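As written, the chain order gives the labels A, B and C, with residue 1 at the start of each chain.
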Amino acid sequence: MSLLPAALIDGVMYAAWLFLVAVGLTLIYGVMKILNMAHGSLYTIGAYTAITLVTQWLAGGSEPLFSYVLLIVAAVITGVVLGIIIEYGLLRHFYREEPVVLLLMTYAVFLILEDAVKLIWGVEPYVAYEPYGLLGNFTIGTLSYPNYSFVIVGAAILSGVALALFLKFTRYGKLLRAVIHDQEVSKAININVQRYFLYTFIVGAMLAALGGALTAPTISVAPGMGVDVIVLAFAVVVIGGLGSLPGAALGALIVGLVRSFAVHYWPEVELFSIYAVMAIVLAVRPKGLFAAAEPRKI
Amino acid sequence: MNTTFNPQRTGMVAAAYTVVALAVGYAFPQWQFLLAVALSKGLVALGLVLLLRSGLASFGQGLYYCAGAYSVGMAMTYLEWNNLVVLLVGATLLAAVLGGILGFLLARYRDIFFAMLTLALSMILYGLLMRYPVLGGSDGFNVYAPVIFGEKLSRPALFAVTVILTGVTVWAIQRYLQSRAGRLGPAIKDNEVRVEYLGASARRNIHLNYILAAGLAGFGGGLSSFSIGHIDPDMAFWTTSGEFVFIAILGGTRNAYAPLLGAIVLELIRSLAYQYAPNTWQVVMGASMLALIVFLPGGLISLTQRALEKRRARQHAQEAGL
Amino acid sequence: MTSRTLISAVGLHKQFGAVVAARDISVDITAQTVSGLIGTNGAGKTTFVNMLTGYLKPDQGTITFEGTDITGREPRDITRMGIARSFQIPQLFTSLTARENLEIALGIAKSPLTRAHEILAQFGLGAYADSVAGNLPEGVRKLLDISLAMVAEPKVLLLDEPTSGVASDEKFAVMDRVMDVIRAAGVTVLFVEHDMDIVRRYSDRVLAFYDGAILAAGAPDDVLNNAQVRQYIIGEPLPTTANAEAPHA
C-alpha cells in the first residue's frame, strides 16, 4: 500500500512534536506531583513570543537563519519569566494542599493567561512563515516534506536525550531522581527540594514554550491554540505513565502513529482515536505503561 | 454539625427557596432568563458537588450536560417530540445510563487521573458531534419551547417550571446527603482505606455518586436547552466542564443549595464582565478561582454558615441570661 | 467449654521479590482466645495479619474462617464476615469529630447512629465526642481506632501494635480498657506487640515469628522462656539465677 510509508513518516514526525510538547508536563508531574493545566498557555505564549521576536528581527532585514536562534530564545524567556511567576509567586505557597486543589490552581492560571494573551497581542492571528520555508523541502519518492520538520524531530530527540543523560549521569540529575522518588526522605537528607521544584518548573515551562515556539512558524498563531494541546499532551503523558520520560516517548510514538494511521486510513475516527487509545491503555494498565511502583501505605 | 437531621426542616427550606425564587422572577421579569439558565447549570454543578465531597474533581460533566441537551434537541428535530416530561426524563435517563456504563471504568481512579479521564471522555463526544452532520455538526440544533398538558410553555411558565424542578431536585439531593450513602462521601475523601476496612465499598459509592452526577448534568442540560434555545458541541468542550467546576467552587460543597448560589453569582458576574470588559472574562474567572481557593475555600455558602453561627452564638449568649 | 477452631491458616507463603515474608505458616486460632503475636520487625507478623484481613493475597496456602475459605478476599468482604482490625497508625477520619467517626462506622454497619454515645462511653472517650479526630492525643486516637473496628460487632479482632506510640505509664490503662470491652463481647483477639509485659499480661497464647516462620507457639510462659525466642526476639538470655532455681527440694 502506498499509504503506508506516508502514514509512518507522518506518524513519527507527529510523535516527535507530541513528545516535545508533552515532555515538560511529565517532568513537572514526576518531580512535583502537579499536573500543570497551564501547560497549554505556556505553549501558546511561547509561540506568540517567538512570532513577535522573529517578526521584529526579520522586519529589520537581518540574517534570516538567526531567526531559529530567536525561537529558542523566545522559549527560554517565556519559560523563565512565567516559570518564576507561577511557581515562585503562586504554587509554592500551596504545596500542603491536596493535589486536586493544585490542579484547580493551575487551571485558574490557564484561564488568566488565555485572556492575558488576548490583552497583550490582540485577537487577530499572527503569521511568520519564513523560518518554516527557509530550509526547503526534501522528497522521498512521491512524498515531499519540509526540512523544517527535522528541526522539530531534532529538538524532540535532543531534549529527550539531554534530559535522560542529565538524570542518569549528573549529580543534580541523581538528586532530582531522589526527589522524584520520595520528597520527604529527600528533605530529610538535606536536599533543597524547594529549589529543585523551581528549576524543574522553569525547565518544564521552557520545554512547553519551546514546543509552541517551534510550531509557531508552521501555523497561524491565534488565541486558544493551547487549549487542544493540553488534552493531547495529557493523553501522551498518561499513556506513557505520569512522570516517566521513556513513557512520554513511547506515549508520543503510540499516539502519533495511531493518529497518523487514522488520518490516512480511516479519517472519521481521527479526533477520538487518541482518546480511545488512552481509555484502552488505562483500562489495562491503570497507571500507564511505565508506572512507578507504589510503597505500602499501612 | 447536627447528627439528627430534621426531614421536615429540609422540606421547608426547599419550599421557601421555591417561593422566593418564583417571587424574584415575578418581580423582575427581565431576570427570568438569566435565573432559569443559572439554575439549570446549578444542577450540573450539584452533581459535581457530590463528587467533590468524595474528593473527586470531574472535568468532564460537560459530557452529560451535552448528551442531555442533545437528546432533547435531536428528539425535537428528528422525532418531533415536544412533551416536557418525556424530553426531560429521556435526557436524565440517557445521561444516567451513560454515567453508569462509564462509571465502571472511572470509579477505579482518583485525583488527577479521574479528572483528566473525565475530560478526555467529554472530548470524545465533542469530536463525534463536530464530525457527523447527522449529529448536528458544528452548528448544532435549535430547541423550541416544550409542551405540557397540550400547551406550549411561555417564557415565564418555563421559568416557573425550572424553579420548581430545581427545588424538588435540590430537596431530593439534600435528603440523599443526609442518608447513610450520602454521608459516606466525605469519609471516602478523608480515609478511603478505613472505609473499606469498615466493610463498605468505596468504589460502589463513588459509582453511585457518579451516576447521580451524570443524571443531574443531563437533566440540567435538557432543562437549560429550553431556555437557551440552541445546543452545539461546545457544550461538551472541556472548558464548559471547567465552568461547572468553577461554579461548584464558587458556591461551595456544604449543601445542595450551594451550587445554585454559585451559578447565579457566576451569571451575574459574567453579564457584568461582558458589558464592561469583554476580553477579560477568563481573567476574572481565573482570578476569582484563585481568590476563592486562598481566602474562601468553603465557597460562598460558607458565608451563610458563618452568619448562622454568629446568630446562634448570640442566641446562646442571650439564653445564658446576660 | 468446647473450644472450636475459628480461623485456620494452612501453608501460607508470601514473597516480595527476594524477601520471603511468610514461610509455610500454619496456625489455628481457637474461639474466644487472646493470642499475642511477637517477633522482630520484618519477621512476618504484620504480613500475617495483612493476609488474614485481605490487604495481601498469599502466594500459596489457604485461610479458613468458620469453615469458609477467605483466602485472597477483599478487606471489606472479610470485615463483613466478622474479622475486623485496628491499625498501627490509627486510621481515622481526621476531619470529623470522634462521634462522627463512629457514626460513619455505624452507618456502614447499618446500626442505629445513637449507639455512638454508648460506644464512646465504653471506651472512655465520652469527653472527646465533639473533638475533631485529627487533634486528639495519641492514646485517644488508638482507642478511637479500636472502637471503630468494634462497631460492626466482629467475631475476631486483630490489633496491630495497640500500645505503640502510647506513653509507657498509659499502656496498661489503654489495654485494660480495650480488653474489658472486648472480653465482655466475647471477641477472639489477635494482637501484635513489641512490649513483652503487655504480651505476658493479656495473652492466653503467644505466637513468636522469626524470619517469616513461627518459631514457637504456646502458653505465654513457655514461649517467652524459650531459648531461641529469647535469643532471636526478646534479646535477653535467661538470667542465671533461674537455673539456680531448678527444683532441688
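Definition applied: a residue touches a chain if its C-beta (ideal position, glycine included) is under 8 Å from a C-beta of that chain, and two chains touch if they have at least 3 such contacts.
Note that the structure is predicted; figures quoted are calculated from it, not measured.
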item: Furthest chain, CA centroid comparison against chain A; value: C
item: Chain nearest the overall Cα centroid; value: B
item: Distance from chain B to chain A - Cα centre to Cα centre, in angstrom; value: 33
item: Euclidean distance of C-alpha centroids - chain B vs chain C, Å; value: 46
item: Centre-to-centre distance between chain C and chain A (centres being mean Cα positions), rounded to whole Å; value: 51
item: Junction residues of chain A, two or more chains touched; value: 298
item: Per-residue multi-chain contacts in chain C, two or more chains; value: 91
item: For chain B, residues contacting two or more additional chains; value: 193
item: Chain B residues within the chain C interface of the complex; value: 1, 3, 180, 183-184, 186-187, 190-191, 193-201
item: Contact footprint of chain B on chain C as seen in their complex; value: 53, 74-76, 79-80, 84-85, 91-97, 99-100, 103-105, 107-110, 113, 116, 148-149, 151-152
item: Residues of chain B touching chain A in the complex; value: 55-57, 105, 108-109, 111-113, 115-117, 119-121, 123-124, 126-128, 130-131, 193, 238-239, 242, 245, 249, 279-283, 285-287, 289-290, 293-294
item: Chain A residues touching chain B - in the complex, by the definition given at the top; value: 35, 90, 94, 98-101, 103-105, 107-116, 118-119, 123, 227, 231, 234-235, 238, 242, 268, 271-272, 275-276, 278-279, 282-283, 286-287, 297-298
